[in-house]
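So that you can tell them apart, the chains are marked A, B, C and D in the order they are listed, and the count of residues begins at 1 in each.
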Amino acid sequence: MALNSVEIRDVVKYHGTVLAVDHLSLEVRRGEFFSVLGPSGSGKTTTLRLLAGFERPDQGEILIEGRSMRDVPPNLRPVNLVFQSYALFPHLTVFGNIAFGLEMRRITRAEIQSRVHAALDMVKLGSKHDRMPSRLSGGEQQRVALARALVNRPAVVLLDEPLGALDQQLRQEMQVELKAIQEQVGITFIYVTHHQEEALTMSDRVAVMNHGRVLQIGSPQDIYESPVSAFVANFIGLSNRLVGRIAAMTEARCTVSAPDLPTILVRRPGGVVEGSQVTVVLRPERLHLSRDVHQNGFDNTVPARIDKTIYNGNEMHYLLRLSNSALWKVRIPNSGVEQKRFLTGEAVFVRWNADEGVILTNPDSS
Amino acid sequence: MALNSVEIRDVVKYHGTVLAVDHLSLEVRRGEFFSVLGPSGSGKTTTLRLLAGFERPDQGEILIEGRSMRDVPPNLRPVNLVFQSYALFPHLTVFGNIAFGLEMRRITRAEIQSRVHAALDMVKLGSKHDRMPSRLSGGEQQRVALARALVNRPAVVLLDEPLGALDQQLRQEMQVELKAIQEQVGITFIYVTHHQEEALTMSDRVAVMNHGRVLQIGSPQDIYESPVSAFVANFIGLSNRLVGRIAAMTEARCTVSAPDLPTILVRRPGGVVEGSQVTVVLRPERLHLSRDVHQNGFDNTVPARIDKTIYNGNEMHYLLRLSNSALWKVRIPNSGVEQKRFLTGEAVFVRWNADEGVILTNPDSS
Amino acid sequence: MPSLAWLGIFFFIPLLLVLVISFAARGTYGGVEWTFSLANYTTLLDPLYLTIFVRSLALALVTTAVCLLLGFPLAYYIARAPLRWQGIWLLLVMIPFWTNFLVRTYAWMFILRTEGLMNTVLMNLGLIASPVEILYTDAAILIGLVYGYLPFMVLPLYAALARMDYSLVEAAWDLYASAWNVLWRVILPLTKPGVIAGCILVFIPSLGAFITPDLLGGARSMMLGNLIQHEYLVVRDWPFGSAISFVLMTLVLLGLWGYYRVEGVGRMT
Amino acid sequence: MPSLAWLGIFFFIPLLLVLVISFAARGTYGGVEWTFSLANYTTLLDPLYLTIFVRSLALALVTTAVCLLLGFPLAYYIARAPLRWQGIWLLLVMIPFWTNFLVRTYAWMFILRTEGLMNTVLMNLGLIASPVEILYTDAAILIGLVYGYLPFMVLPLYAALARMDYSLVEAAWDLYASAWNVLWRVILPLTKPGVIAGCILVFIPSLGAFITPDLLGGARSMMLGNLIQHEYLVVRDWPFGSAISFVLMTLVLLGLWGYYRVEGVGRMT
């Protein structure tokens, strides 16, 4: 058997005159939880529909389990889709919905019974098999949609923003549960979302897409800690940016100088030249604030003024105005009653270690 | 003029046989950003509709600007509602929508022109006055709905989950903007939401509701740091709980003992007696983890085992199993490349200071 | 598309035929003599026929207006009723449709005639001293037409009102609109497609009706529908009947086309 | 509710009157003699009338079936067309409705008669050697009825199909369903209210039609509609005509009630 569950080879897809998917190539390994992350219009949903077979590529090829999907209609593909809107059949019970795919494949009645009930138990809906979908909560409908796909034991389950319609608390619970189910069944999941937290918490690997192209593929850590472009850095969580020139380099580090700011020490990436223009990206939670310029233990210190403070329960968000008039964000966890908070208008120093900064050599390839 | 924009006095409202609002009393100060936070079915939307005049109280009274609203229909009340679904008139342009209220009050054409354009500028939609609502994005529709309320200069603007239909990133931007607009115009805002972060980041004061009753009213800090019940503690962010008995008390602190756990030091609240059963609530971001039992500087140390690790970009979420088999959550900010992460199955020690714990004497009054 | 082909044949050939025949002449013993002339159309300009035209248009307009005035509050009430009641109400509104048109019309003859049900009841109640003469007047035709076509008004209005987002009504109310302004500035503009559809569905059959005017109308109450029926069945002047019918259809389609140009056809659905 | 009051009067009095009259007897010179008897209903059991009943039911059923078979693909095609085309298509489908019923029916006479348009074209094309006799057969009635009532089938089907969530079709397709199973297991169950509504809207007027059978049907083609018309206009036996009409309405309402019990009326809207 092929090592890869899915291979997308140089696929191009136009919607009318709009290029929806632009020479896309991807490989998804067997049993992997693979996320495709991107803003709306990035081509991620089109990619999913190409895999499901609802759309045909204008160019290129798609292989599932090593078999070409050219001219294979959706009903003959070994994949099942969990729709964003769930798309549960409103005229069938929960059982009828989950059994639908098995009935279409003429599985025996006894096996349908046992497989549907096993699937119901897996999504913790054993007692609701005879309900109509309209009488289920959003979270329950989501589970039925998942069970309806899993019960067929497809090679790949495709998920189109399946948690998009749930509210925050339920969504976080379902993230944990979905990942646990995927690990339990071992089926390849391809998960499409515009929600960076979902992609980071659940995935083995993430592909970040924009304008029909893949910008970066890697583990959640890779993507978050070492974004290849400003678009990726910004889309995966908040980020602060600083544009400057490389002034000096040692073996492990380099010095970046920017107008109206002290020079900045950053870890040295591969392939940079002295004097070239670079963008340094910093995550708001990696920065520290103090009133005192002489505090030790950090490689970099930049003066700033507090522009806005936002209390968030578990943390404070500070908006800072730097001496070069850039606006930065800093997140400080609230560590309890004795904590010293900073006030709007106060002069502070932002500090961080050289290793926290990421240098981007291609300013933006989105 | 009255000090309070809104006074709700002992209001009761039934929907059929369901008690939607249960002897509710509230005062909202002039110019305040006041949030009503609660789960669905808590009566928060009914409260808003009672203020707008779409529903009449079965008992009690509502005063707006000191004037009783008994028998005052919605079109004669000095309040305007921003609907969750925006409820923009699809047959009118952006201008027509915003001008609607002014036209109904027979304001002169010249004044309508200037006020509508001022409102459009405030919500940064100056150039889109002649668009139809269907051609606007969700965020733009939201701004039009806000402008349509603000342009009338009502005493109170009522907002019914106005950001509920926006996605995460846009929602966070709009939180900042909405708060800035409210500060600029100085109109009383009453903001209904089930989203704790929105309530905490924007409000001057928050009322937490459940089952038609107000459980707690206070500043965001009050609500988050000193919840009065387990329901409030849980609804406003994540929390860990520990049930035990008060074993000893000093002037400032008390010792809580729970089965299968070391004794715990907590700040002493008012009105507790030795031997009484209490619940200690701890926020996940206030806990520290280490592999070493001998680390100093914390009042409490409890052994635990890592049950699950979730990478979230800016932080790690750990699920811990305590020696009394309770499941706790801990949030640790990711401080960069050199950080030591804990692994699933590892034995660790959870540490925190006495001041981080909150003692609840009424186990749950939701 | 094969569907296009059969649609064209099935739908348009009969209409084209009507058009062609309207330019022919009546044969000596009825039937059609295939000459080309505009005589049938010029005949229509005779004041006799113009009067019928105007009378019919007026009656159809009044019928439509009465149906709209009765049907709108009814449809609004149904659309705002609890969901389980809406279906039952709609069934009730459809009741007249379930009975034969002829039978319904005869029932109204029994009710309206001089010694009929209505006069008997009203006189026994002492509300009137002598019978009211309604049967064989235009009022009787109006009642018959409204009764027959009210369901066609209520159904599209109901569909439009049920689909309308009620929060828009609340929004208008919240924005200082009186009940009248809510109706005039919000509800009517939003349900205009339903209003137009209902008016079309009532106006067109009212204009062409012949059984109702025949039975309930007076001896002088010749309407367009009767005229066409008369030309076809009695005089057997099919070309002239076709010409009347074609002018009627053209007027209706021109009206629709005008509406389409103003409103966009997407909204008509 | 005042609306309830006028609705009751306006809608039910005429129907009640039909019911009352159906138990009376024919007066010597027509009109009604107010006695109570079940004679009108027992007469209906005469094989002569039962045959008409069965023939009419059969023709109405076939008409409904043909309209459904033609109308479903058409409505599906319209509902899946780009939005701006949907309105135009619906207008085209409504075209027959814009012309006088009588005129339409006569047009079919011209097309179908022995020396008519259809036979002329087919013979000139050499497709047939001698004229096909269609006019004055049940086939001609069928064509006339389908032509007249197809719009009533297409409109509710279109409404149901346009409202259907198309992702359910994709879901079924994704879940291994063949095209046939997608239609049978998903589309039809989901649009059943539209199918039922369309069938009702075609079946009921087909059952009561009298102009079409009169003009296009043969001498022996007495249908229920003609029978009622005959009793009312020719024999002037209104009580018997009312009885036929009432039985018809009762059958229809029983059918609807049965459907309501099974499906819930909320879905019918």
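Just so it is clear, contacts are C-beta pairs under 8 Å (C-beta built on N, C-alpha and C of every residue); 3 or more make two chains touch, one makes a residue touch a chain.
Model, not experiment: these values are computed from the prediction.
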item	value
Top-ranked pair of chains - ranking by C-beta pairs in contact	C-D
Distance from subunit B to subunit A - Cα centre to Cα centre, in angstrom	27
Cα-centroid distance, subunit A relative to subunit C, in whole angstrom	59
Length of the line joining the C-alpha centres of subunit A and subunit D, rounded to whole Å	57
Pairwise touch network: line, ring, star, complete, or other	ring
Set of all touching chain pairs, with the criterion as stated earlier	A-B, A-D, B-C, C-D
List of subunit D residues in touch with subunit C within their complex	1, 3, 6-7, 10-15, 17-18, 21, 32, 70, 73-74, 77, 83-84, 86-88, 90-93, 95-104, 106-108, 110-111, 117, 147, 150, 158-159, 162, 204, 208, 210, 225, 228-229, 232-233, 238, 241-242, 245, 248-249, 252-253, 256, 260, 264-269
Subunit B residues touching subunit A - in the complex, by the definition given at the top	167-168, 176, 194-197, 200-201, 220-221, 224-225, 236-238, 283-286, 308, 310-315, 317, 331, 333-338, 353, 355-356
Complex interface listing, subunit C residues touching subunit B	165, 167-168, 170-178, 181, 185-186, 189-190
Subunit C-touching residues of subunit B, taken from the complex the two chains share	52-54, 73-76, 79-81, 83, 85, 87-91, 100-101, 104-105, 148, 152
